[in-house]
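Each structure below appears as structure tokens.
Each of the next two complexes has chain A plus one other chain: chain B in the first, chain C in the second.
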Partner chain A sequence: MDCQLDIFFLEAVLNGLLLAGLLALLALGLNLIFGVIDVVWICYAELVMIGMYGIFYVHKAGAPLIVAALFGVLLVALAGAILHQLVIRPVLDSAPINQLLVTGGVLFVLQAAATMAFGIDFRNLGIRFGSFTFADMSFSYSRIITFGVALAAMLVLWLFLSRTYVGIAIRAIAQDRQIMPLMGVDQRRIYLITSAIGGGLAGLAAALMVLQYDIYPQIGLQFGPLIFMICVLGGLGSLIGGFIAAFIISEFIAVGGSCFATEWGYAIAFLFFMVVIFIRPQGLFGGRS
Partner chain B sequence: MMRMSRTAVIGLPILIALPFVVHQLFGGSEKYYLHLLIQILIWSFIYTGWSLMGRFGLTSLGHGAFTGIGAYVTVLLWNYAGLTPWLGIPAAILIAVIVALLVGYPCFHMRITGHYFALLTLALTEFVRLCIVGLRDYTGGSLGTQPRRYGDGLSLYAMQFEPDRVLSYYIALALWLVGLYVWWRVDRSMDRYALDAAGQDEEAAASVGINVTREKLKITAISAAMCALGGAIYAQYQMYIVPDTIAGLGVSLNIVFACIAGGLWVMLGPTVGAVFTQVLSEVLRVTVQGSPMLQALFGSAALALDTLIYGLLLILFIIYMPKGILGTLLDKREKASNQPPPPSRVVLR
Partner chain C sequence: MLELTDIDAGYGAFQALFKISMSVKAGEVIAVIGSNGAGKTTLLRVISGLLPASAGAMTMDGVSLRDTPPHKIIETGIAHVPEGRRLFPRLSVESNLKIGAFIPAARKKFEERLAFVYELFPRLKERHAQLAGTLSGGEQQMCAIARALMSGPKLVLLDEPSMGLAPVIVAQVFDLVRRIRREGYTVLIVEQNVRQVLKIADRAYLLEVGRIKASGAAAELSASDEIRKAYMGV
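Moving on to the complex of A and B:
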């Protein structure tokens, strides 16, 4: 192991910060859905994968990247709404674990459908933004763009939730599912809107991920467990908690990965997660219901 | 209980005679059919092990870790320490049980249930898979590894029996019967009632004097031990292990889904689930390979067709048939014979 407090260590720490932006965005969508609808989408990372393929093909067909990204956001938002309507709606009243498992079925379907439609090859957009060097440390521009857009998206969502009527209704439903319908909030409509927003966030994450990662049908398995871990660590449903947990976890991954091998960074993060949950089962910032 | 033993009296001789029937019917391709049967039996055993916990609302996504520990510890001890699987498998089971208790105790003590339990055990699976991949100098990483062949591959000492399919079949059959026996013992024990109560209302169960944590730990240890044993036997039979097929999230999800498809609350439910999933994927594979049209359309990606159909069926099962195939069939028969329905089970939690 070569883990000295040198410039490489600092580079790993800063790259961890940049990764955290993306992970926080991913966790945000899942947390929003859980907080409002009380359902965990195990297939969340697979929705991101669908978005990445959508963006890839629209861009390959000649659309500029920004249009393709917009298409990706809308595509996954639509997918989220359809998922809610067709799959989640029928099991809303059954046991929580059934809801979790039914989206696990969706995970298999999306993965297999992507394999059949797009093959198992790794694809990427082939766009390189290059990187800049600062004090012997190098940072890629795509990571910095990702970080900036992710933070901006979170800010926009926060404004939406705190300033608009629909946003306030969403937060109200999250606080009390029984009473709000009596106050004239259409619960079904709010659920649908929330699912679409959650999907849209996944689509935005997809648009950022195509800049950095190869696209392949199994990419969801690489990110999915990580996102769940961040959400649970922060406290399922706690938006702020997920945000902070994303930073903690990505530092483990980045620093652990630079000191040992990549897998060990992840393994240490998972171990840390389990230990924390044993001490605080509700997560770092979760209130327990 | 009478009906159960009647099924056994008829079913067991059929299962024992099956290799000879297969030999008579499919002389040329008997190896293939026996392989399919062996796979079904080994996975049935693993699924039965999971259902011991699953039926009480302990939905673990961590059993992919236990099958992985069972397979890898046994193989690594054989390859690098020369330890016979006769000792390696108990060691693997012991490690799996210790891991299960280390994770289980805080979980049950802190009353982590539902989503949290599922996602926490999912983290365990990922952790074990990452360790296997990370130790690639020994485990071969994601490319997998093989137990070192001993002599001609047929050895009692090395517990290698892969070349003799009929022998393998009987080993798998014995394993499966052990699994059913454990299930039956648990089903008849007092612990089952305690766990049923805890699964429905933990506080109420604790208030009538049930030591919920201890009951849950007991069943977790048994369940983890069975999955580790199943994983080890799988490795000894396949003679080749990869994280994708024996350790990891995919394995965990397959286990859970096969159990739900078959029926979680009946003895043969997980077995029916294993038959259903294995036969489905084999039939689809053969169909795809036999159909030039499908091959031309999707190429080798057509092999994902079984996963697609499998996933769709699972969604439909959970929405419309949460009791699974066998559970629903037994319910129908119960109704048809106009018996009063058995005390209704609560939904899967």
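Moving on to the complex of A and C:
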């Protein structure tokens, strides 16, 4: 163990910050869905995986990266809307455990389908953005781009939720479901729009992740549990809570990983999570339950 | 304006309303009085579509409300201020008002109507950026009424506007109702505070266990010995 307050420690802290942007984006999507529709998409990270494959193949077919990325966002937004219509809507009034199980089922279906269709090979776009070095610290450009785009997307979403009629309706529905018809709001339409936005955020995350990570059918398992942990730590359904929790968890992973070994970073993050949940079961910013 | 003919409604096997017939004409203030559990709130919920009627006919300016989906009823000109105000507590006052103007026809007139409700309730303008959940009870009632007015309704349904408020505030709330009446809105108000509400209403219906027991001019009802004994404690 070599954990000193030196330049490598600072490098780890800054890399943790960069990782947090991506995780915050994913947590935001999941929290939005939960806050509005009151269901947890267990298969959220698998939607990201679908998006990554979509972007990979469209790019390989000759589309420029930016076009492929846009395609990925739209593809997963559509997948989110379809998931809502076909899987969630029929179980909206069912017990929470049934809702968990159906989206859990979708997780296995998507993983199996991806394995059948694309094989178990690790694929990547083969694009290297390189990195830059500053005062002995090294940061990859792809991480910096990811952080910047994720932050910008969250800002756009925040403006949408606070300024537009549909955005305010999305926030309102999370606070009082029953009276929405009195405002002239069609709940089913808002649910569908929210699902498409949640999917779109997963698609954007996919577009950012193909810059850094290999694509394989089980990649969801690498990120899924982490995103759920962040959402629960921040307080399920709390957009601000998820944002802050993403930064906390990322720092544990990055700094813990730098002081010990990468695997220990995850273990320390989970340990911290368990302690917090023991003391505050509703999460750091959770109002419900 | 609003016509109900032989409306039945209930929750599951429990029937809450029996053959309710009533009418509201443009410019009137109509009170529905009765004790707790008489079906007053249920009646308003049926009119605004939150609870489907099981029999009977219901029209607003000739449009059948039973054939209109709940979220489209506001477009016929009916705005419902629900029991307990039901503001969105973690949205600002102004966002609450904006949600009130959600329907397409109202969005176009948002700025104009916002200026109008701020003029009607200057207190809301002072607090426009504050979270609705942090307003006082009386201010919340103002905000709930203002939110309803943002849709540009012809008829405002008010459910127990005085509920849970201190006596001084109750007087202010009835004053609010007088003010929106002066602005030309038609009002259907449900109240347990029978003495007060009969002072501001033109006509009233007395509801007892889901049936209309009496109806007539408010002055007549408030002079009736039976009603004075049962509902006004004299």
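What we mean here is this: the second predicted complex is superposed on the first by the 288 of 289 C-alpha atoms of A that agree within 3 Å, B and C clash if a C-alpha of one lies under 4 Å from a C-alpha of the other, contacts with A are read in each partner's own complex, and residues count from 1 in each chain.
What we mean here is this: a residue touches a chain if its C-beta (ideal position, glycine included) is under 8 Å from a C-beta of that chain, and two chains touch if they have at least 3 such contacts.
What you see is a predicted model; the values in this text were computed from it and never measured.
Undergrad: Between chain B (first) and chain C (second), which does A:G184 come into contact with in this model arrangement: first, second, both, or neither?
TA: A:G184: touches chain C, not chain B.
Undergrad: Given the superposition on chain A, which partner contacts more residues in chain A: chain B or chain C?
TA: The larger set of chain A residues in touch belongs to B.
Undergrad: Of the partners chain B and chain C, which touch A:Q111 in the superposed model: first, second, both, neither?
TA: After superposing on A, A:Q111 lies in contact with chain B but is clear of chain C.
Undergrad: Just checking: does A:A135 make contact with chain B only, chain C only, both, or neither of them? Give me first, second, both or neither.
TA: Neither partner.
Undergrad: Which partner does A:A172 reach: the first (chain B), the second (chain C), both, or neither?
TA: It touches chain C, and chain B stays clear.
Undergrad: Once the complexes are superposed, what residues of chain A are shared between the chain B interface and the chain C interface?
TA: none
Undergrad: What does chain B use to touch chain A in their complex?
TA: Within the complex, chain B contacts chain A at residues 57, 59, 103, 106-107, 110-112, 114-116, 118-120, 122-124, 126-127, 130-131, 133-134, 249-250, 253, 256-257, 260, 298-302, 304-308, 310-315, 318-319, 322, 347-349.
Undergrad: Which residues, counting only chain A, touch chain C once they are in their complex?
TA: Touching chain C: residues 162, 165, 168-169, 171-172, 175-176, 178-187 of chain A.
Undergrad: Under the stated contact criterion, what part of chain A meets chain B in this complex?
TA: 40, 87, 90-91, 94-98, 100-102, 104-113, 115-117, 119-120, 217, 221, 224-225, 228-229, 231-232, 236, 261, 263-264, 266-267, 270-271, 273-274, 277-278, 281
Undergrad: Contact residues on chain C for chain A in the complex?
TA: Residues 48-50, 69-75, 79-80, 82, 86, 88-91, 95, 98-103, 106-107, 151.
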